[in-house]
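In this document, chain identifiers A, B and C correspond to the written order of the chains, with residue numbering beginning at 1 in each.
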Amino acid sequence: MTARLKRFAILIALLLPLGGCVGFTLAKGGEPIDMGDGVSVQPPRDWNRMSIGKYEYWTLDGLRLQNILFVKGVEDGENIVFRRARNEEPEKDTFPKFKKGMTLLDIRELLETTWARQEFHRTRVTKFGPAKFGGRDGFEMIFTFDTKDGLEMRGWAVGAVVGERLFMAIYRGTRIHFYERGEKDFRKIIGSYRFPARPSS
Amino acid sequence: MTGAKYTRSLTGAILGFVLLVVSGCQTTAVHTRTKLPPEPEKRRIVLLPPDVELSVLHAGGTNEVNAEWTRLARKHLSENLSARFKKVKARLIERKETAADFGNDTREIQLLKLHEAVGGSILVHQRVGPLLLPTKGGTFDWSLGPEAKYLKDKYGADYALFVFVRDSYASSGRVAAMIFAAALGVGIQGGVQVGFSSLIDINTGEVVWFNHVARAQGDLRTAEGADETIGMLLSSFPK
Amino acid sequence: MTRRFRSLAPILVILLLGACAGDDKSFYERGLNQGAQNAAKEGDHGEKAAAFPFKIGDLAPAHRPDPKSDEAGIWYQVDKVERRIKTAGERYRHAAVNSYIRSVTCRVTGRYCKDVRVYTIRAPGLQASMYPNGMMHISTGLLLRTQNEAQLAAVIGHETGHYLRRHSLQRIREIIDASNSLFFFRVALAGAGIPVAGDVVTLMAIGEMTAYGRNHEREADGYGLLLMTQAGYDPEEAWKIWDLTLKESKAIKKDEERTVFFASHPQPEERMHEMRRLSKTVKTADTTDLGQDRLQELVAPIRADLIRDELNLRRFDGFEVLLDHLIEGGQNLAELYYFKGEMRRLRGKGKDFVEALGFYDKAATMPGTTPPEFHRSRGVVQRKLGRRNAAMASFAAYLRANPQAADAGIIRQLIEEPEK
């Protein structure tokens, strides 16, 4: 309990100093949502959405219970971890970085290593194969893991490299109850994910 | 910088909360049920291990847990809860530390961990702070899911009650520091009290009642103080 | 012995305050000689111990503090940490490893066996910490670095020394005092706002950093030597852990990290020197157990995973030092040369890809077995170097060896990729 509460509070206070207080906005169900860069999705029902730079967190019930992390166009030499300010947590400089020539194998390694550094444990990939994402050739990964506190989680990630940038949608939720609550929605949301018609592919 | 670094500690986290709520008395209960079922055999509540800590807030800002106070507070909490439930003819089952705490019952362990996550989510995403979820709005709709039924057979209860309290008291050094700081025009937080409690319907996993307290007063070290705090915490508890 | 680098600003200030505590080399011998002052107490390991002139008798077993004391509050929080770690995700769930660690701990701690509970945490790096209630955390990274059971015993004995001398408790009290005086300093500087710790885990981490801790470390070293020797292990193995730590940390280029780490521990050169000297004085004909085979047999099947954890940190210079240390040990060289290749594949600078292939080739000729991903890694590097046919052959070999691989689909796609 203490650790969880602490993390929430840290999350709150980290976001507090941001001018205007970044919080969640409503992503209305049945309507197209502009994710920037010409990308849009359509959630089947209302979701909560928090957008910070290249990263978006969507949730129904709370980030610790289930969330979709959208990674929108990470570039060559960048890691895939949201960081509020350049000088915050410098050890994130040694997190593995996306490189533009990466194969899907490399991307899987990028994900698994990043998660290990973020102290997720016992990550087990049960499926990893080619799949379409937003109409482009990409990958799909099904996995399970435990949080640092030992709560069992399930995950489903999809992604693709477009225009030498990495785009992903990663859905994670507690094994008990909350992953299931959002699973169908996630399927529809990534089904509706659209890149703009080939500009600089 | 101060804001971000300050919350490396739970004290900081608690103070973070307090800064967010209006100073003074603040409690808001929320529930989907105002009454427990009338049949006595359906009014069995298992009390999950209450997470209570009372600490001394030192001049330097460190929080040191005082075991004797904590022991007293848990005792008052227990007695107070038992008395209240007797009044409404509900039976409180106290869950002793079991083998599950040692990792032997993984199903129960997962449910308890999930409950902690849900309780924290309710607090942070529906009750206080800048992370409120727009979809939650006015409706209170939280559940652990049907898996919660596993606890029903294990404890012979229909409901599970969980109580979390953090309470700190300014040491005399801290009080002196507050005076010293005031002389320099700097405001320093005194002790604070933060708590929440939730009641789960084990048959469905639904959270039927949730309440939280966040304020700068309150004293759980005495029976009267405990009574007052628990009164606030359990206000509008289903009858 | 933990390395935990939290927010540095408050720590540096505490360091400045703590610097007044003073450095005292006699603390090594104090650990060893403590028992001589309690000569009346009986030996801790039966007849074997009776042969030693030094004895331990500081803390009665199963000590619990007076509930009204400040110590009790700290124990309460530490007990909560223990309850959490039992089912935490980071706890290493490997029955054979845990049971082995328990038995070594029991042997080292002697009559305090019931008081000391060790939890293995899945984490890279050499980490070991002792909490005031007898709970010990060691990292899987420690198992990777100890060449034999005697070295493991040295570390466990060292941590037990902290427990017997109640160092953790003293440190926490020290931090509270330091932060109290610090507070007035801060307020006077209006706006300096350096908050310090709230919970016991952060207090512990900061406690590691004070200069007061340096004498604690020396004392614990002395106790470590004594305990391991009484258990029959060869004390001349103890200093070798510090030899590796020194080499690894020299490779870690970040100056800031180095400074803070060494501020909390006596300089490794000093430790190595003192421990080598003292180990000769306690060693006898009966204290020769190394337990090399036992430890290596246990670690062999999990070693690739643990090496991977280290590689995840992406600290390549330190990683290579560790690999070279393991190569000296001579176990499963094929696996170790594979990882020499892996680090170059991941670093990918300059000649790295070419050198990586060289190491993969070497690994194939070495005794031992490479991990299942061997051919895949080789194929990836060959592909990056444009050696398409070689890459296809490697990927095909991977599929033959791992027909049920989760990434078989991706590999097939790479094989069928049209030439660009």
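Quick notes
Definition applied: a contact is a pair of C-beta atoms (placed from the backbone, for glycine too) under 8 Å apart; a residue touches a chain by one contact, two chains touch by 3 or more.
All of these numbers come straight from a predicted model, not from anything done at the bench.
Looking at the partners of chain B and chain C together, the chains they share are A. Taking A-C and A-B together, the pair of chains sharing more C-beta contacts is A-B. Between the Cα centres of chain B and chain C there is a gap of 37 Å.
Between chain A and chain B, the centres computed from C-alpha atoms are 31 Å apart. Residues of chain C in contact with at least two other chains: 87, 199.
Each of the following residues of chain B touches two or more other chains: 6, 8, 10, 12-13, 109, 113. Residue positions of chain A with contacts to 2 or more other chains are 2, 6, 149-151.
For chain A in complex with chain B, the touching residues are 1-2, 4-6, 8-17, 21-26, 46-48, 59-65, 84, 88, 149-152, 174-178, 180. Chain contact summary for the complex, chain A toward chain C: residues 2-3, 6, 91, 94-96, 99, 101, 103-106, 108, 113, 116-117, 119-122, 125-130, 139, 146-151. Listing the residues of chain B that touch chain A in their complex gives 3-4, 6-8, 10, 12-14, 16-17, 20, 51, 109-111, 113-114, 116-121, 123-125, 129-135, 142-147, 164, 205.
Taken together, the chain C residues at the contact with chain A in this complex read 5, 80, 84, 87-91, 122, 199, 309, 312-315, 346, 348, 376, 380, 383-384, 406-411, 413-414.
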